[in-house]
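See the structures that follow.
Here come two complexes built around chain A, the first alongside chain B, the second alongside chain C.
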Partner chain A sequence: MQKPNSEVSGVTNHEDADSRPKVRRIKWDRIAPYLFVSPFIISFLVFSLYPFISAVIMSFQQVNGFSDVKWIGLANYQQLFKDGDFYAALWNVVRYGFWTILILIPLPMLLAYIMNQKGIPFKGFFRSVYFVPVLTSSVIAGLIFKYAFSGEKSGVFNELLHVFGAGPLDWLNGSHTAMFALVVIAVWRWLGVNMIYFLSGLQGISPELYESASMDGANSFQKFWYVTIPMLKPITIYVLTISIMAGFSLFNESYVYWGAQSPNNVGTTLVTLIYKAAFSQGNFGYSCTLGVALFVIVVVVNAVQTKAMGLFKDEA
Partner chain B sequence: MESIKTQNRLKTTLSVLLMVFLAILVMVPFYFMIVSSFKDVSVIFANGINVNIDFSKMNFDNYKSLWTNQNGIYWSWYKNSLVITVVETVLVLVFTSMVGYGLAQYDFKGRKFIFALVLVMMMVPPSILLLPLYKLVTQLGLMDSYAGVILPYVVPASSIFFFRQFCMGLSREFAESARIDGCGEFRIFWQIYVPLMKPAFGAMTILTTMNAWNDFLWPLVVMKSTENFVIPAGLMSAMTPYGNNYKLLFAGSVMSIVPILIVFVLNQKQFIEGLTVGGVKG
Partner chain C sequence: MNQFGKKLGLAALAAVTMLSLGACGNNSSSASGKSANGENKMTMWTFVDAQGDFWKDAAKSWNKTHKQKIDLKVNVLPFDQMNQKLTVAMQSGSGAPDLADVELGQAATQLKADKPPYYPLNSALKPYDGKLVKSRLDNFSKNGNVYGLDYHVGTTVTYYNTDIMKQAGVDPTSIKTWDDYVKAGKEVKAKTGKWMNEVEYSAYFQFDSMTAQQHADYVTKSGKADLANPASVRALTELQNWVYKDKIARPAVGGSLDNDQFFAEMNKGNVASVTMPSWYMERMADNMPKLKGKVAIEPTPVFKEGDYRSAGGGGTGTMVTNQAKNQKLAAQFVVWGKASKDQAYKIWEKLGFDPVRYDIWSSKRMKADNKYTEYFGKDIFDTFVKLEPDVHSVTKTAKVSPALQDYLLKNTMPSTLLHDKMTPKAALEKADSSLN
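Moving on to the complex of A and B:
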């Protein structure tokens, strides 16, 4: 008696078991991806979108403490366009971007090319050594370099100049030398990281390309110019993008060298201005205006860059 | 044949010489930092930091002062940095690996839009929201607290992007066959894909640890009381217009690099491999 019974119930159970989880499973399939991405959505809404909207609103206000708010229309934006500090900061960021890109793309690329040759000993060791600076906080790097760039005769860089019979210079008070002091930290910290990016790119280039180039009679330089550089283009674009963005977010090094106010704005950055307006001057509305301006600038730069890359793609 | 061999050897020698030269340049700032941390403050005060070493005037006084200066306030900065870094790193890894996995392994409505948002967020410097975030954190009553420092940055777009790129390279077949076996969606992620994502976790652990440990501007804004500072902000506060606390500055700087160096040395292979897998491709 039991056996057929259990068989019958077994069949129905089986059907049940088959259909019920199926319904549940389809539902889960639909919901699961949203659960997985929910941390981003929540964080985006609360910590990006909401503050962004409130920044845009505050940029049209005069805010003295968060409860004392007055609508002032476009006055903050009018102030922005007349603000000499803003143009100085923008110019500094552009110069900084220019120099870091000019140095931090070719130099690491060449270094990676050299390290990727056959028969180079201790590759792993050198790779790690070049990488260590980026582990150091930019604040601590800034502290050390600040002393090295001291205007005193005994400062490290002035001693170095003395060897060549030059100097001493008041490094952190002159426009060009101040930019040099900022760029030096960037080069020191990012050389190794960019080199690792290029090294990985090089390792992805098929040796056959070099072999066929050799068969066509190309020398080392021609191989580097016509094979290596074009093959590294995607990585170069990536490094270019992060370098440009690093310029726009520059703050720490400048703050360590000069605080919120550098002499004649030699080292003022856009983020310095945002910080200064908010926390030194208590001008919250204007700080938000600067933030919105920086956002617009970054969007425009990105659009231009994407367009330019698109054009290059058509050529290729 | 002989000449080609000599030529190659010359090339290798020149390359190595250049590499050694650059390695020395890269290490020079560390040399100054470490040497200065053992120098007597009077020597630094008189000569600034420089190349000279006078062993008779070197000692551990600066390091000892880390415990005595303002009742060892340096170590409460250290503790703050440690707690913030560990908590932030764990949360970032959990959340962004989930999001990256979700974006890579499922087809769902809105997926493209969300990924586009992630890309946009990667491009936007976080500092543009400095003031509104400050306002929000004040309203939430999180000023001067760990939560205020950590919460706004636990789901960074760059880390999502990294995990997403990595997961795009993983087959969906594992998940499909696990589903047929009746395995739940979260278990598929946790038991099958998380182990496969191990190299990505390695790279992101160091990168996030590094960023959190070295973060300066946001903790500077959130943390109001001196004993709640993180290390970089604390060391900055040792530099005042009335003279600098060199003891704290140099010994404190050296000590602050130690933990991150340990994490790097322990994971460097995984890190460098992971960095190049997810960071660049796609």
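Moving on to the complex of A and C:
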């Protein structure tokens, strides 16, 4: 860290001529930066790092009820590798991540591109309409979708199917339809947010690039493909990264749809398992093991993804 | 800014930082001591508004008749949130309330340790020996200690929609066995097109009660899962047959009989009967206004002569945590609050539950007007009194219970009742082998 410049911080040392011995003086301007970041550092240490380390430690323990703690080495991890629910949950979140990324990157990008064109009517209105869902509580939205996905003929989505002469489907009880229900709510909720990200990215693209592309004879599609998409790469990487993390940490929507137990694990997620192990089974050790596994998986996936997209290469 | 002002500013900032961090700690321990006027401060967590009000009222009544006064502060939290907070507080050893309402399903987790961090109610219960339904105490017991006192017995009965039964020409009082029930169900289906019942697959009240009815349990004395016992297999087979063989029922809307979608279904008059514990009266009175005066409460049908005609279902115990300041007083208050005569009446009058203290069941006061007697008629407890000796439950608080319940809900029930993928015997055997 650079030594704080006393000129910049507006403090002059004219009191140095004081008769008091120099050694006793506290150099406030050196300490000040640390003090100012201390709220974050302290809360990070207390609320993030400490729980993280104790969770890793706990993942090697059997916590039986409350006071009864036993060191069991790798037994929890052995259980993890044999746990069918873990694989079911992992498969669910991978599928969920795949579908949300497949939809929630190209679609918002396209929408943002359209919204960014000149001469589109009601721009502000549409931007808000797309953005509003994220302001709702995921639990309340989940409840509404739960009723909409009711297996009854009168459920909203079954009514829709009926128009096409299909259905009714028991949405929340089948593996594929349950995934569909989860992806629909994610798309509804996050489309607007991702669109805003891409919009901000688009506004950072210099119009001159488009102008010179036009002069070279590029059509709209070529401009989109060869100018917009490459220029949006940093934003795309960001959206992809947070989408992957959001996918792996999926919980609220699943919990609202099914609670902690979904029939044949159609909606079980990794966080559902963590929650269930801790709070409905009192198995804190195993719960921490699942948490550590989730951490490792997310780190590996994100590392691979950023590497593959050449994120580190650019900075080197 | 001069030097002094700057120092002051930094000191203030540091102070704010420390304070804001300090504020995150839970200071409930300081709230559990004595208040200025010598009252014993107590905090309580519950997840039902009405239960919170019940205890506030109980504290008032207690203070009228007891020397040691209690200043009770009640926090009503959503069910999941309360359970999480309580679990964390008990786990970390600080921040727990003096008293907590713990639902039976969660009790297994709270009582999992060999020495649960709760205060035994045994000595406080002594004066009420023989006046309380014992099976309800067993639910919250561990190694001979009783850690929670339930609000209710949860006497399981069968509720019939009398309009539908009349249309089908079946007299509910004539239904004695499950075979009779199926026969009646076929009549109902044929004459009215309505379902006789809907079968839960994300809950197991009926499965539990049918098992208990046959004098059986699905947890062995040594604490192992024994789901494939003949009684449970028979119970699950019966439920599966209703849906896939006899076609008198379908998998319940919303997965259980205790959710808004099913309430609407029942209220519309699409279902002829349900078999649920006594607290279902409250659900009906509050959520099914159209059925007022059209519901008959009858003993649960049996598989064979000699089986129990009821069972105990669900439950919530009030427990005293080991973090309570005055544990003995808290225990006395909890037991008095539910087991003393006047309080037991209030459990019926205010909460609509059949109190664990059953010697009052046949008293006149239980027939007085309230929203339940208006809805179901005045002789509710005439039926309950007859069934009291038949109230038994399956074990819910063994070490294996949380995993067992989880397994039932995510695998066994869906693959036998929601879908016809497995035979009950195979499904239950698979459950046992994965649990033990």
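The criterion applied here is as follows: the second predicted complex is superposed on the first by the 283 of 316 C-alpha atoms of A that agree within 3 Å, B and C clash if a C-alpha of one lies under 4 Å from a C-alpha of the other, contacts with A are read in each partner's own complex, and residues count from 1 in each chain.
FYI, contacts are C-beta pairs under 8 Å (C-beta built on N, C-alpha and C of every residue); 3 or more make two chains touch, one makes a residue touch a chain.
The structure displayed is predicted, hence computed values, not measured ones.
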| item | value |
| --- | --- |
| Simultaneous placement of chain C and chain B on chain A, clash or fit | clash |
| First, second, both or neither for A:Leu191, with chain B first and chain C second | first |
| A:Asn173 touches, of chain B and chain C: first, second, both or neither? | second |
| Partner chain in contact with A:Phe295 - chain B first, chain C second, else both or neither | first |
| Which of chain B and chain C A:Gln261 touches, first, second, both or neither | second |
| Which of chain B and chain C A:Gly151 touches, first, second, both or neither | second |
| Partner chain in contact with A:Glu159 - chain B first, chain C second, else both or neither | first |
| Touching partner for A:Phe36 - first (chain B), second (chain C), both, neither | both |
| Touched partner set for A:Asp68, first chain B, second chain C, both or neither | second |
| Touched partner set for A:Lys276, first chain B, second chain C, both or neither | second |
| Residue contacts with chain A in the superposition, chain B compared against chain C | B |
| Single chain C stretch clashing with chain B - from 62-70, 80-88 or 296-304 | 80-88 |
| Contact residues common to both interfaces of chain A (with chain B and with chain C) | 28, 32, 35-36, 39, 42-43, 46, 66, 147, 150, 152, 278-279, 284 |
| Chain A contact footprint on chain B (complex, rising order) | 8, 11-12, 15-16, 18-19, 22-23, 26-27, 29-30, 32-33, 36, 47-51, 95-96, 98-99, 101-103, 106, 108, 111, 114, 117-118, 121, 123-136, 138-139, 151-155, 157, 160, 179, 182, 184-186, 189, 210, 213-214, 216-217, 221, 231-233, 235-236, 239, 249, 253, 256-257, 260-261, 264, 268, 272, 275-276, 279-280 |
| In the complex, chain C residues that touch chain A | 1, 3, 6-7, 10, 13-14, 17, 20-21, 80, 83-84, 87, 90-91, 105-106, 108-117, 201-202, 253-255, 261, 402-403, 406, 409-411, 413-415, 418 |
| Complex contacts: residues of chain A adjacent to chain B | 21, 25, 28-30, 32-37, 39-44, 46-48, 50-52, 54-55, 58, 66, 111, 114-115, 117, 119-121, 126-141, 143-145, 147-148, 150, 152, 154-156, 159, 188, 191-193, 196-197, 199-201, 234-235, 238, 245, 248-249, 251-252, 255-256, 271, 274-275, 278-279, 284, 287-288, 291-292, 294-295, 298-299, 302 |
| Chain C contact footprint on chain A (complex, rising order) | 10-11, 15, 28, 31-32, 35-36, 38-39, 42-43, 46, 63-68, 85, 147, 150-152, 173, 258-265, 268, 276, 278-282, 284 |
